[in-house]
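Each of the next two complexes has subunit A plus one other chain: subunit B in the first, subunit C in the second.
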Partner chain A sequence: MSNSASQSYFVGDLKAPLGMASTSQNHTAPSDLTSIYEQSLKKEAVFWPVSTFAFLFAQSIEYYQHRVDTIRQLEEKLSHLGGQVGSRLLDSFMTNHQKMKREQRILPVLLLVKVGLWKHLFGKEADQLEQSNEADGTYYIIEKDAVTNRFISVPRDKSSLNCGAFLAGLVQSFLSDSGFACSVVAHAHKGTTLVVEFDKAVVVRDKAYDGGK
Partner chain B sequence: MSAKGKAPLLDNNKVNADLIKLTYGALVAQILKDYEKPEDVNKQLEKLGYNIGVRLVEDFIAHHNIPRCLDFRQTAERVQQAFRFYLGFQPAVGNWAPTGNEFSLIWDNTNPIGDFVEFPDNLRTLQYSRVLCGAIRGGLEMVQIDVAITIAKEFLLGDQATELRIRFNKRLEDALPIGED
Partner chain C sequence: MALCIGVMGAENQPLLIKISPNIQDPIKFHFMLHSALDVVEEKSQPLPKTPGSISGADLRELYLGLLYPSSDEVRVYGYCANTRMKMILIVEASNTTLRDNEIRTMFRRLHVAYSNMIMNPFYDVGQPISSKSFHDFVDSMIAAFGVGKLVNPTLYSVEMEYFEDVPTLTGIRLLLRS
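Coming up: the complex of A and B.
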């Protein structure tokens, strides 16, 4: 093979597709903006194929799986991972969200998770939001086809594992960091049900708003 | 009507890139906590990427009707295409070695997975993009191409671009399926 032949085919010089991709996706900063402070906070949400997430998530589980003894521990690890994501997501989500407003009541903030956050993450709303009849301050966010569970086949001897723990952790830290201390647990019911249990103080505070009227 | 009918299906198959980037970041942080030494973390990330690549190649071929690559340049294009598909953003292919067996994937002024990353000074040997190298290596190994990959430039460490250098080692013959030695 001659030198000139290989050099005439210099794919790296095709700046055009790269530039096009960067403007159409609003994904990367123009090169003249050197400082992060000069870049806009608002970014158009960029979506990647679900496979990318599925591969990464599957590998996360594989990583943890060899480092825990029980399924409960594994779920805790996943929940922790989700929590790390959730609290960071809160910032980037709120700056991009249209209203950019701090919610004060329980119901609006739950709707924000069900509609806003879910659309931001998965391009669709969560399937249902329900309130528990029995316990005060307990709500259910129901997602029939959670991304975290769609591609993970759970072996029979580990059937109690629910990878929705990742989402639970995510929602928990998202809510807690917005000032609604709560605990969120994932259950396999109607797909994946995230049981959101708000702290008593939060429930009391929410009721105080009603009393003031 | 058909467009409306298709929209949810499409949406259902996409997730926010931020979620993926943050999940990877959280995972790297966790691995760093477990292993402490950046060198060990790099190894884990390489392994993680390799495992992804091994599985990813099948998904990629299933989604794209692509013929067999006849030379390494076509392979480079495919890798580029794969990045466009999975990470929504295509790197440039360039810096070919005159012999044609070595090229670079270049992301100008960005790291495809590093939007939220800040490097502390004591972790400059940590290779955050190692997972990409692993994924390319794993993916190509599944199509009988053995490559060696180094990170030539890292945007997160202050370089102008992220550049992965990919060198063709050899064609693998009679590759056995994984797990059968």
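Coming up: the complex of A and C.
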């Protein structure tokens, strides 16, 4: 019984699931270590191979492809699928996260997505986080090598399809469920750019937080 | 001693309310839960920054602490997750062994159980919880921290079998066994 408890993991335990080179360095097999004293007390992260995700994701795209008429609809379907993941992920992520905080400002929550969430999902930070110069409350999360796009070669007749829609949906529901209503769209620019556009009310609230002295 | 555990959704709709079986008037606890939601709302709202307001507790903390100024009979604790899912715990005021830290751990365990529960793709987030394992978990929590003499330990050890593969419950299991 105790053995099964120590071996088991649950779906939410996705710490560095799509193991990248940077994180897999930390992952040394216990047998390599000479004595038990040198073993880390920290629980071993459960690694999920990228290929598993890629396969599952490719299958879901194939599934949806026959159930839609336009590319836009397909992206909406993918975004919805990502949303399902995002809203469920939020609680599980927070219970695994070291510093559990209910973020109330826009910038910290975006940083949480860029650093925390990305590390949780992909084992690395997102490449860039930028603020739009023109529009208030618009931010860009730039990921050069998104795992959703890495293994998908889009046929020429469907060139407008961006499978980053899945990520966009994930981030959107992650943010919306934490109380930052927004819409997130994926664009193919510098890799994959997620355009996060916060609702007016959220921007106003954030400003009120600053200027209410 | 946990007398009552309530889990509320983002829109303050009750997802699960469990009251210790040896309570005479459960209605009173429903009332306490619902009035506690007002305090949760107040404590978890982002407030405009005012001089001096930051000195107190960190507003971003999930654990909200004691909600009611402690009355003679019960103490009410609250917890509000990022998804605005709220958990409220009512314990006997006479129980002095339950310190703030223990309450915090209980909430954390509940939160983990909840986040495991919503991983079920057939569960719609925000609907009343029907998951048996979550129900059993909350029951065991009430039992473990509840009024000892009325709980039949053998009964609960049978129910714990459902949790064989949930690692977070090891603590509870040990507690029940001792």
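Things to note:
The rule is simple: the second predicted complex is superposed on the first by the 167 of 213 C-alpha atoms of A that agree within 3 Å, B and C clash if a C-alpha of one lies under 4 Å from a C-alpha of the other, contacts with A are read in each partner's own complex, and residues count from 1 in each chain.
By our rule, a contact is a pair of C-beta atoms (placed from the backbone, for glycine too) under 8 Å apart; a residue touches a chain by one contact, two chains touch by 3 or more.
What you see is a predicted model, and the numbers here were worked out from it, not measured in a lab.
In the superposed model, A:Ser51 makes contact with subunit B only, not with subunit C.
Legend: residue contacts after superposition of the two complexes on their common chain; A:Ser92 is shown touching both subunit B and subunit C. Look at A:Gln104: by the touch rule set out above, it reaches subunit C but stays clear of subunit B.
When the two structures are aligned on the shared chain, A:His120 is found in touch with subunit B, with no touch to subunit C. In the superposed three-chain model, the partner touching more residues of subunit A is B, compared with the other of subunit B and subunit C. In the overlay built on the shared chain, the residue A:Arg205 is in contact with subunit C alone; subunit B does not reach it. When the two complexes are overlaid on their common chain A, residue A:Arg156 makes contact with neither subunit B nor subunit C. In the superposition on chain A, A:Gly179 contacts subunit C only, with no contact to subunit B. After overlaying the two complexes on the shared chain, residue contacts for A:Gln84 are found with subunit B and with subunit C alike. On subunit A, the surface patch touched by subunit B in one complex and by subunit C in the other comprises residues 1, 6, 9-12, 84, 88, 92. Only residues 8, 11-20, 22-27, 29-31, 34, 44, 48, 51-52, 55-56, 59, 73, 76-77, 80, 84-96, 98-100, 103-104, 106, 108-110, 116 of subunit B touch subunit A when the two sit together in their complex. Residues 1, 3, 6-7, 9-15, 17-18, 21-22, 25, 27-29, 31, 45-53, 55-60, 62-63, 67, 77, 80-81, 84-85, 88-89, 92, 120-124, 145, 147 of subunit A are the ones that touch subunit B when the two sit in their complex.
Across the interface of their complex, subunit A is touched by residues 10, 44, 46-51, 58-62, 80-85, 108, 111-112, 114-116, 118-119, 121, 125, 164-167, 170 of subunit C. Chain contact summary for the complex, subunit A toward subunit C: residues 1, 4-6, 8-12, 84, 87-88, 90-92, 94-95, 100-105, 177-179, 205, 208-213.
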